[in-house]
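Chains here go by letter, A, B, C and D, matching the order in which they are written, and residues are numbered from 1 within each.
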């Protein structure tokens, strides 16, 4: 079984192919362009924090921006997880033994909860 | 489809039955007794925090205990989620459309990440 | 310098005494009885989670309750920290070198953010 | 009272001036250049996440990178808070009534804990 995330027409996809020459099945966590746009905005938020420090903004205002960037990153992560469950885990369940996929998703959730 | 968590011989189980008179299939998030034991210990930790405040323990020590109880609760939650994915979500995937189950799990993850 | 949290008339206090025979100065994080009441309720929430597992409640409902208990614990912690800053750190600043108190508070914040 | 963060020789400073024509007193959360370097690296981490999505990296690997970026942001925030307590709050305590500064710091902690 091969798992990868694929650039598919119209979206960002995770593919699980069980056999060679089988067309992969995709999930669309979200429109890939929308996901890329969100990440671009978060990159801009972090650059904004950098600029605030450079320009000696008030610490509390810097902290407010950091909290906003952190929340935006976590929202992206939850969206990716939802797509991962909906497609990679579900495909694995249908194709056979999903134990490894579930453990992997659960470890990712634990890292997210602790970060 | 009926979803519930069931006290099954030897464990704590979540059951998905698709038809009446079908024996439910269980997941064992962990041995139910072990899970109950962990929750009992967390209850004791919170009672310990209460006692520390009553006895005027130093604030920083109270905060350390609160962090420990919080981490223990989150570890229980991640374990429950793993079991839920491994059984309820996987069963739903095999039985038909898992969309609602995935959304529900994803919402629970979002609440956990934000708490 | 002696730091402790003291049961003072009308509240829960943290005291910083710099000299013997000096009456301690208190902070009132909140009314001590109110704080004890909140902790008692959180203990009840955790006991409720235990009962839900015992009675085989649906996993997602158990997770919702765990998130609520976690949030309540964190709110208590933030309140304790505010009182600690307002009194222990402020007193230390006025009495001399607050470096150790600030480091201690910052370490507690780091543990809280990571839990 | 004027609070601002100032670019001071050798560091990143938060200044509290109580009177005009009084030279400001600074705190050095950390060397300003070091802080800017950390933020630059986090910006690079987020750009890396963007590139991973563009190149269809495996979702779990994307999530691992998001967790790392989130943790790095939170570590910067805790460092900024420590500097803020050590300087802005301490100066406010010495100069008069620190109530507003403490409330502001406590609100920033609450946002951080919830994000």
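The rule is simple: a contact is a pair of C-beta atoms (placed from the backbone, for glycine too) under 8 Å apart; a residue touches a chain by one contact, two chains touch by 3 or more.
No experiment lies behind these values; they were computed from the predicted model shown.
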| request: Between A-B and A-D, name the chain pair that shares the greater number of C-beta pairs in contact. | output: A-D
| said: I want to confirm something about chain C and chain D. Since they are copies of the same sequence, is their interface symmetric in residue numbering (over half shared, so same) or not (under half, so different)? | reply: same
| For chain B paired with chain D, centre-to-centre distance based on mean C-alpha positions, whole Å | 35
| task | Could you give the separation in Å between the centres of chain A and chain D, each centre being the mean of its C-alpha atoms? | result | 25
| Which residues belonging to chain B are in contact with no fewer than two other chains? | 74, 77, 81, 105, 112, 114-115
| task | Sort out for me which residues of chain B touch chain C in the complex. | result | 3-7, 12-14, 29, 32, 35-36, 39-40, 42-43, 46-47, 49-50, 53-54, 56-60, 62-64, 66-71, 73-74, 76-77, 80-81, 83-84, 88, 104-105, 108, 111-112, 115
| Which chain B residues qualify as touching chain A in the complex? | 74-75, 77-78, 81-82, 85-86, 89-90, 93-94, 98-99, 102-103, 105-106, 109-110, 112-114
